[in-house]
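Notes follow once the structure below has been shown.
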Amino acid sequence: MRIGVLTGGGDCPGLNAVIRGIVRKGVQEYGYEFVGYRDGWRGPLENDTVRLDIPAVRGILPRGGTILGSSRTNPFERADGIHRIRENLADLDVGALVAIGGEDTLGVAARLHDEYGVPVVGVPKTIDNDLSATDYTFGFDTAVNIATEAIDRLHTTAESHMRVLVCEVMGRHAGWIALHSGLAGGANVILIPEQRFDVDQVCAWITSRFRASYAPIVVVAEGAVPRDGEVVLKDESLDSFGHVRLSGVGEWLAKEIEKRTGKEARTTVLGHIQRGGTPSAFDRWLATRFGLHAVTCVHDGDFGVMVALRGTDIVRVPLAEATARLKTVDPALYEEVSVFFG
Amino acid sequence: MRIGVLTGGGDCPGLNAVIRGIVRKGVQEYGYEFVGYRDGWRGPLENDTVRLDIPAVRGILPRGGTILGSSRTNPFERADGIHRIRENLADLDVGALVAIGGEDTLGVAARLHDEYGVPVVGVPKTIDNDLSATDYTFGFDTAVNIATEAIDRLHTTAESHMRVLVCEVMGRHAGWIALHSGLAGGANVILIPEQRFDVDQVCAWITSRFRASYAPIVVVAEGAVPRDGEVVLKDESLDSFGHVRLSGVGEWLAKEIEKRTGKEARTTVLGHIQRGGTPSAFDRWLATRFGLHAVTCVHDGDFGVMVALRGTDIVRVPLAEATARLKTVDPALYEEVSVFFG
Amino acid sequence: MRIGVLTGGGDCPGLNAVIRGIVRKGVQEYGYEFVGYRDGWRGPLENDTVRLDIPAVRGILPRGGTILGSSRTNPFERADGIHRIRENLADLDVGALVAIGGEDTLGVAARLHDEYGVPVVGVPKTIDNDLSATDYTFGFDTAVNIATEAIDRLHTTAESHMRVLVCEVMGRHAGWIALHSGLAGGANVILIPEQRFDVDQVCAWITSRFRASYAPIVVVAEGAVPRDGEVVLKDESLDSFGHVRLSGVGEWLAKEIEKRTGKEARTTVLGHIQRGGTPSAFDRWLATRFGLHAVTCVHDGDFGVMVALRGTDIVRVPLAEATARLKTVDPALYEEVSVFFG
Amino acid sequence: MRIGVLTGGGDCPGLNAVIRGIVRKGVQEYGYEFVGYRDGWRGPLENDTVRLDIPAVRGILPRGGTILGSSRTNPFERADGIHRIRENLADLDVGALVAIGGEDTLGVAARLHDEYGVPVVGVPKTIDNDLSATDYTFGFDTAVNIATEAIDRLHTTAESHMRVLVCEVMGRHAGWIALHSGLAGGANVILIPEQRFDVDQVCAWITSRFRASYAPIVVVAEGAVPRDGEVVLKDESLDSFGHVRLSGVGEWLAKEIEKRTGKEARTTVLGHIQRGGTPSAFDRWLATRFGLHAVTCVHDGDFGVMVALRGTDIVRVPLAEATARLKTVDPALYEEVSVFFG
């Protein structure tokens, strides 16, 4: 039997570990052959493939990114997209697909299976950890470790100059990276998209922090929004780049803090370094196990499902369900962490 | 109300994060006072205390070890041990104890509560991750990351010299560190205490690995034992040190591999570097939350319990139950990982 | 004898190692007493001091920042500045000063010694490594390591998405960090302040890189300027923040690249994480030796000098000379490295 | 023109960076072709080669080890060794050789050039940094960083348990790694091969350290020897392994310390993790520049020389001279560092 594998959406440390796990187990235990599709859904759409066997996956475990390449191509946006994918799968005699990706990639996978009966297994991938069906997604732990190390480094500069340091981390719709790295890094203020923040409250925390004679660190998710959203939208500095969300709120907040507290404030935007490079041990473990279980789903003929982590077990959930709801930070958890604010 | 805090057993990255979480929340939310007991149970036994307030816990989050010191003192081994502890607690008007430690420390805590009604809350600590009541313990993720980085480094030497490299990691009774770091590090053989290993099988994996023209990495838990246990016990090199378990099986195995395969083999014993230094982001997160929840247990008057991780939630379990059963590696999980052997 | 110590200018990993070296050797070998002056020249100006003895320097070796605090206060900008400093030194019976800092701090030190006969010894500090009198300054190696790790991480994202990634590093007047981290990180384009860059040439390198089917990494020093400087100055995004230089050229360049090549380009501005946190082993070694030799200068009564690294030796140079000339990147060296461009 | 490249002796982080530098510059600037010889001198001896062009060196900069493999083969130990090498070079029309290695490899290179007129250029490689002709060798900085990080981690365990921790690092004949990592790691005792140590003096330092209520860290080079050498030679635990030097003195010393001070002592032997894995930024910089300059030597027809670092310049020295004298730690430098002992 021949199986296709593709990776879609933004890159994420652990993608190669998933691919390696799928191929090693598929070949050695089930005698499968594999076809690597290039650049997410563009691969099966244009029948663009790459050799995918055991030599091809040797040594990729510690490497970030994806050897298959990635894209945001959506076959449903093409009139004949689905038709062509099914023809191309048949053309190469591909009997099953393993799709590794986030909401968009798995959304396509779900429809392909549910509406067109394509035998698909999904592997969840979101560095933001915002998929409700799984406790954690790989890449998240790596991003949190990188952000935490960065915050550790900012403390000494903040202290030496008695300055406010704002660290903007990833998280457009969910504040998991900000919450985990902010707590782990000993931040004094953590701002997440789930709860609009009050700049005056932020300044109050900062001032109280300085009173305890220590310089504050503010960790803010790129998707965090102040109470009065207008402020941000009006800000010139925000639409003067290609990627507004990536370098917006942090810079804006630092300026507001300077204006309102009279203290010097500086911003560091971690950006892409959070999603690149070698995966943490946890992410290698999780990603590899996702790969091993995904190929077992294929072997069991269990399609239309996604592998997921529950506690320490890998389970299977329906693809449709998996991508249905965004997993955001529970207010009670944010409240729990807020004991360290100010 | 005044609360005593102590840390017992071997040190572990995250202990200071737990202490900080307890004190920050206890003081700010509940207005508690704290007493730090020195060196585990020796502290309350000899009334040896240290100041423990918010200034005392400032800046300790990223620091390994424990500001309270640790020991393996067991009050039940002293005729009047329990009597003195109760007197000393009364003497300083300490109304509750939070004991942070492993099997031994929590075993004492369980008996103190169940047999003598001392109001104790436990926080689990074992770098080996071998407590059945919790999904993970803090310190484990840090140890696995350190071991994985070490294994990453060994690969290049193994390849350049076509040599077998044996890496001995912690784990006397449970192979969790070996299993996780071995998988994450791309080891070709992983040996754990739960399953006696067959040296000839190990050599077979090694030989097949060399045939694929690549040098093998063997990760072995310090507590792993070969089929014929005698061999190890007979080996001179094993009882010539103070800490046999720490530098035994790895060296022995390397020599056996050289004898049986004719290939050069070298051993690296990671030892204490696995348990020291700054905690990983995950361990800071878990340890801090354990601390926050432990002091909430005190506030709820819920004693004789231990905090534990289930999925992403912190729960409470009876202390007695918590320390009842060792969590070892499930044969099915070892089997799952064995696809990468050889 | 009593000696004053101060740290001025921007913080830099290794400052605490210098302080520790001075105090350990001064107390143990020469029986000196020390006075720590707070926040650079503000300390002696306002007689703001802190205890500085062996317990005070215990455990600070691996810590970034400076336990003495820092500032950019310049006593020559105050009418009675010099007068007050001399009075305050006399007041505390301070017989010599060790000033640790960059051009500004050492410039003041040089004048204090040469014009007013104050017994001063200097220790050079510039994270940009742009002091002509010394082979290297501490902090630089740490910054280069941090930038290199970041660039390593950017490669995988660049490859997975076939995107241009621009990494802006520190270096206002000298491109040492960009040159070293760009070379060590395998960048395809490195832009430094010493040589105005031609955006079309940059785009040509990028295009040729893509032709070799690999995504380019551009490392640009914050102080790099394009041939047509106007372009930058006109750009709105540049003066909309407090710290223009810190987040300007990288963003601007990414937009130009997108315009001219049609390829997606993203920028990461490393900012403060380059100058914070624990020093590299080399910086701890260099900073500690600077401290040991600075206190020996005091013991030798050799004032008005600065310690410096020449090869593997610590030497002494006149303060005046030391701060006279900026050490910029030699065109021949830039040429040597350019073999890796494109 | 066709040029052969080989790497000999123990592996070392930076070997691949040298190879990449040679090939990139040789092909792009001089239009050379390259032949990679496998496993040091075994390659030209048996005409065992591997393709070496620009695609072959892509992506190897951050990788430890050597893509050419290595060995300790010495052609002078074979009757017809030299004869065969010259025939094989002629056979493949190889007009020049670049030999990357330590004393042995470069010793062969020197004789090949001086006695047989083979056009050879040498690149020095010794992780121990013990070559007199160059300020530093690549790999050393990486090893020192790894050892320093390990020592950082040992501190917290030492403190928490008030235990002596002995860390054995590489260095058979020279103590550079022990000296640099010991100083950078804040060790309380540093023992090097250049100066026989007195165990009672070591115990005195340890006891005084404990008196200052802090647990001591002892860093010992694998080649360090006590005053009474017999003691070590007699020790059973020393000749029971394949690699005596690698795990001998540290274990022995810990036992002696326990005997003489009554304090618990533990040993960590870093072993191979010091020489594997990705090179530090400094080593990538140095190794790359060595490669660039080595190929320029070939272009200049300047043979029988070795590239070397002097200050910040790459210079050329005669091969014979280069390997003549071992660079050991100057007693004055050891004395300088000893202020931190005890």
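Going in written order, the chains are labelled A, B, C and D, and every chain counts its residues from 1.
Here is the rule we use: a contact is a pair of C-beta atoms (placed from the backbone, for glycine too) under 8 Å apart; a residue touches a chain by one contact, two chains touch by 3 or more.
Every value quoted in this text rests on a predicted model; they were computed, and no experiment measured them.
With respect to chain D, maximal separation of chain centres occurs for A (centres as means of Cα atoms). Averaging C-alpha coordinates per chain places the centre of chain B 34 Å away from that of chain D. The centroid of the Cα atoms in chain C and the matching centroid in chain D are 30 Å apart. Note: centroid distance chain B to chain C, computed from Cα atoms, is 41 Å. Across the assembly, chain B contributes residues 152 that each touch 2 or more other chains. The touch graph of the protein chains shown is a ring with every node of degree two.
You'll find the chains touch as A-B, A-C, B-D, C-D.
Interface of chain B with chain A (complex): residues 24-25, 28-29, 58-59, 61-62, 135-136, 141, 144-145, 147-148, 152, 180-181, 183-186, 214, 278, 280-282, 284-285, 288-289, 292, 310-312, 336, 339-340. If you check the complex, the residues on chain C that touch chain A are 10-11, 13, 15, 63-66, 69-71, 146, 149-150, 152-157, 159-162, 165, 235-237, 240-243, 246-247, 251, 254-255, 258, 265-273, 275-277.
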